[in-house]
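For reference, chains read A, B, C and D in written order, and residue numbers begin at 1 within each chain.
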Amino acid sequence: MIDTSGAGTAPNPRPASGIPTEARRAMYSAMWRARVFEKRAYDLFMSGLVKGTTHLGTGQEAVAAGFSTAMRDDDMVFCTYRGHNHTLLRGAPMASLMGELLGRESGCCRGKGGSMHLTDVEHHAMGSYAIVGAHLPVAAGAAWASQERGTGQVTVCFFGDGTTNIGAFHESLNIAAVWGLPVVYVCENNLYMEYTPISSVTAVPNPAADRAASYGLDRIIVDGNDADAVYEAALSVIDRARAGEGPSLIEAQTYRHYGHSRADPGKYRPAGEVEEWMEKDPLVIYRARLEKLGFPAADLDRIEEAARAEIDAATEAAKVSAEPGEAVLMTDLWADGGSSWRR
Amino acid sequence: MATLTYREAVARGIAQEMARDERVLLIGEDVAEAGGVFKTTQGLRERFGPRRVRDTPISEEAITGMVMGAAMNGLRPIGEIMFSDFLATCWDIVANQIAKTRYMTGGQIELPLVLRSANGGGSRFGGQHSQSVENWAMAIPGLKVVAPSTPVDVVGLMAGAIRDPDPVIFLEHKALFATKGEVPDGELVDVLGRATTVRTGSDATIVALAAMVPKAVEAADILAREGISVDVIDLRTLVPLDVTTVASSVARTGRLFTVEENPRLCGWGAEVASIVADECFWDLDGPIVRITTPHIPLPAADAIEDMAIPSADRIVETIRSSMQ
Amino acid sequence: MIDTSGAGTAPNPRPASGIPTEARRAMYSAMWRARVFEKRAYDLFMSGLVKGTTHLGTGQEAVAAGFSTAMRDDDMVFCTYRGHNHTLLRGAPMASLMGELLGRESGCCRGKGGSMHLTDVEHHAMGSYAIVGAHLPVAAGAAWASQERGTGQVTVCFFGDGTTNIGAFHESLNIAAVWGLPVVYVCENNLYMEYTPISSVTAVPNPAADRAASYGLDRIIVDGNDADAVYEAALSVIDRARAGEGPSLIEAQTYRHYGHSRADPGKYRPAGEVEEWMEKDPLVIYRARLEKLGFPAADLDRIEEAARAEIDAATEAAKVSAEPGEAVLMTDLWADGGSSWRR
Amino acid sequence: MATLTYREAVARGIAQEMARDERVLLIGEDVAEAGGVFKTTQGLRERFGPRRVRDTPISEEAITGMVMGAAMNGLRPIGEIMFSDFLATCWDIVANQIAKTRYMTGGQIELPLVLRSANGGGSRFGGQHSQSVENWAMAIPGLKVVAPSTPVDVVGLMAGAIRDPDPVIFLEHKALFATKGEVPDGELVDVLGRATTVRTGSDATIVALAAMVPKAVEAADILAREGISVDVIDLRTLVPLDVTTVASSVARTGRLFTVEENPRLCGWGAEVASIVADECFWDLDGPIVRITTPHIPLPAADAIEDMAIPSADRIVETIRSSMQ
């Protein structure tokens, strides 16, 4: 939809497209923080410290960065098991996320959620949902409450291409449109479900965008590897939602560098495909753009270093924190703090 | 004091809470303009306006998911699922999302919501509109489950469910909608988790729920005439479960009979029986016997639907022959 | 899509549009048989002999007549609780349907299904399904089996406008399209769900047709009160499916004369609406057309009388048949004929 | 005789039947090209071709609905639901359509189909990918329910399930996929509804299922050293339920312990306990005790997930203290 890649060569970091310098710096930092966080999660998984599973959004960081930078502080985010980036970039402390991945009591969910359920309500990261499509109606509901309560909040709901074929997608988009809800649905089309290409199981080429008309919505496709493009698209649909003009559906085209989850090597991908997308690595293209726009290389290096320092500290903090025990196990099923089913 | 039908009691309970707390809203199919297909929400839209009482598309996952999302963000919503059979169409949202979210987020997310639904058989609607699914809900950690048997309980437990900070599945029994009862004036609020002993006896304990309560009472009356005196306990809520009331009754009577409308396998009666067979074993004077709908879907024809659902006669015969 | 109402005034019953005389006679008879069957069902419900519920398709007969006439004998039909017409017109004997409505052992389902589950597998009426949307994927599955087995059968699946907003609609249309299944999805848009107008809860004006593009399908709208129009549309999509060219989605615009079910008086309908549609009564317009085309009035009268005689006989047969007993109750949960869960 | 993993046994069982009967097909997410996310269907697409082994979109209602429709029309399809938790997303098709159609149509429609799914905890996946839902399926009239504990049972019961003319829910336990066992060569076909007594004892009966079986056996070995000798029964199928084997064991031992992975309320253990408390009451020498996962969702962290699921130690302690 919006492509600002050729956006001028001004010596000062003030882009022709009007994206503020601070926003750009924020996005670069956001992408790096997400990148190092997930690299560490991967390493810890491979070394056996993160158990269970992990689903990395590495390669897709521009979507999370663009949206999180465009959001108001109290706007809400709903995401999937592939939700590290979104939860982190809403403001969840790295240490609490890393604690959760390591199954520690210091984790954002006290170890009970795990990698697929990262949540930080204080920062309006309203949860990572592990069953495909389930969070779409939940996001609509959160937006409905904002609408009724007049809070002016916008809800942003991220999901994958494969999610467009499940019933909950259809029900959510329809009711969001009919009720004019302040919700933005963002499909991160990374071409694959787990191992199966989306194109092999979908009746239309663009699984989200080609269905927008079914809900009376505009067809919006954005380059999901271009943080600026995402940012501008995000601003426009979020503004629209906040102004009471209803929901939007965006298809962000991107790619995951790793396999689907855990140690999946992604062998099902055709030769050359990964390489092609590695050239479109959102961090690489963004750094090149920023340099072209006049951001000093040293500044950018410092952003990267800060991210590395942050993940090192967070990892250490998580590693030394305690494992949960029986008290945590039997806690927080009910609002009274306990889990008793009997009187 | 007023005489209300069970169906009117539903609207009365909801209205009481909507008047008290503007965060309470109601959505569902045909609940607003039409006042509900069972007329259980009649007058609410007129009284509280079209934003607080709202018709939805036929989208059960959207209804339940939206109720969940709204409960996360400051509302105390009520969602209607027209027939409890249709809970299956949104079971993922109910059982995997609503029930688990507080626990999985380490207590970060509170979900003060109610899902109401018309439950139970006897209406000759056939297998997809007649089920008693209280055991489906009871089996899921994180759901409270309420199933009242009288108008006054409908009002009080509805208020209790709406004020409860946890998700509540509130099952209204179709066969009871037309039944009437006295309901005191003024605000009624019941605590979830208290069973009621509706008949007192010494020879056996009958535990029942919803539409099985009047049948158990009828059976108790017949048995009394034959010299068998039974406690009849109306559980009212399955979660929390009032084990104390059941156990202390069995301690007195020595015999337990459960009367369930859900099909046999893994019904709530099995749970109650297994608790008693563990915790009250030494109090028992004879087998625990469950009286249930057979493990079949409910048929439509009246002649055989009536055979399937436990009747007062079947309760009497079972207890009589087991007590010999 | 196709309108043959001004189709010429030939003295002989051989229409310009090419619809064979026999097909037209069959459709007229079909509509009358459906009409009298449902009128009787209504009367028996009001007099308390039919218990539970009934959902009448009165006013919508042209859809069932057009499709059933266009189908091959072994083509399969899936329909909803509003399925009397479709099951009858596939060939189910009236007496067995009436027996089912009356809860008798002579009923097509031995009294166990009731009004919402009329089924006659022998006549390829593969069931009436009472949970909105559930039969759409089942129909896809039946079509998939035809495709794999090479039987050349086409499956036709009827449902209402309200059904287009439930998840199963979306999942079914997508997979049917991707797998190129020989299935025809027919939305009978009668403007209402139970009591709520479809327009108040749907993001697009034509709930089915406006969504066809989401599945790469053509947008097809047909006058559902015009049996000829339905018939021609049916032939074309059924041929397409049989030829291996995949599924279709048709929106047939029609109206139910009665309320949603039971004794619903349909008070929620705006003044004049019923009257307007009564003028488009498919039986009335079709008779007028047939007379114009030269069908002798006496012939048409005889068709109507035959239908009346048939329903009278069927009602009598059903009324004198036995009620099911415990043997039926405990039968046919399993293929061994019984219902035991234990060994 | 070959040594197979439980996961390999799944593919072997399916392959045996696909080779024998061309009406057997398999569909599901990632089952074909990728050989299944648990590698349980590896090699099937290569052997039987892309039409008989086919990847679907993420559309669980479509998968289950299509399996149902195909079973009506001459195929004997197998559908995979990747994790059993996801059965909730298609529960209407499973519980309201597949389970009820034969009964509701008066026996007109036969549904020879299998729905396979990976069940159970222990993998640190958290609450939405770890559930043991065998009790959900058992509660629905019209579903047969199979949950094997060994590779050889996987093969035989898979064949039995595929040949069974009724719908079968076949639950493969995630925590057992890597376990190994001897599997005889040649065709293996098991009848559904037969429990196996895997240890023989005289003091108490332990009834277990799937991943709880090896834990029960481990517990039995420890208890034997302490002088408590127990029968261990592997139910293998919940429907049909082999009441005979359980009841005759309890008749000998006088004590029943059930070991369930599903959360406490309305688990299959409650059903077994309630049957024994009714039919075998006079054989009992003490309380019936259920050992279950607490009534909570499973947490992700390994430290606490292991506390939640019944362990050999917990079984030992419970039995030891109850037998004192």
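In this text, contacts are C-beta pairs under 8 Å (C-beta built on N, C-alpha and C of every residue); 3 or more make two chains touch, one makes a residue touch a chain.
Keep in mind it's a predicted model, so treat the numbers as computed, not measured.
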> Going by the average position of its CA atoms, which chain sits the greatest distance from chain D?
Replying inline: C
> Looking at C-D and B-C, which pair shares more C-beta contacts?
Replying inline: C-D
> Whole-Å distance, chain B centre to chain D centre, using C-alpha means?
Replying inline: 30
>> I'd like to verify one number: the distance from the centre of chain C to the centre of chain D, where each centre is the average of its C-alpha atoms, in whole angstrom.
In response: 40
> When the C-alpha atoms of chain A and chain D are each averaged to a single point, how far apart are the two points in Å?
Replying inline: 36
>> Touching at least two other chains at once: which residues of chain A meet that condition?
In response: 107, 109, 111-113, 117, 129, 131, 134, 165-168, 171, 174-175, 178, 200-202, 328, 333, 339, 341
> On chain B, where are the residues touching two or more other chains?
Replying inline: 56-57, 59-61, 85-86, 88-89, 92, 96, 103-104, 126-128, 141-142, 239, 241, 265, 294-297, 299
>> Show me the residue ranges of chain D that touch chain C in the complex, using the header's touch definition.
In response: 25, 51, 56-57, 59-62, 64-75, 77, 92-93, 96-97, 101-110, 112, 141-142, 164-166, 193-194, 239-244
> Can you list the residues on chain A that touch chain B in the complex?
Replying inline: 76, 107-113, 117, 119-122, 126-127, 129, 131, 134-146, 148-149, 151, 153, 155, 167-168, 171-172, 174-175, 178, 328, 331-335, 337, 339-343
> How about chain D: which of its residues touch chain A in the complex?
Replying inline: 29-30, 33-34, 37, 55-61, 85-86, 88-89, 123-129, 264-265, 294-297, 299-304, 307-308
>> Under the stated contact criterion, what part of chain A meets chain C in this complex?
In response: 165-171, 173-175, 177-178, 200-204, 210-211, 213-217
> For chain A, which residues count as touching chain D in their complex?
Replying inline: 51-53, 103-104, 107, 109, 111-117, 129-134, 162-163, 165-168, 193-196, 200-202, 268, 323-326, 328-330, 333, 339, 341
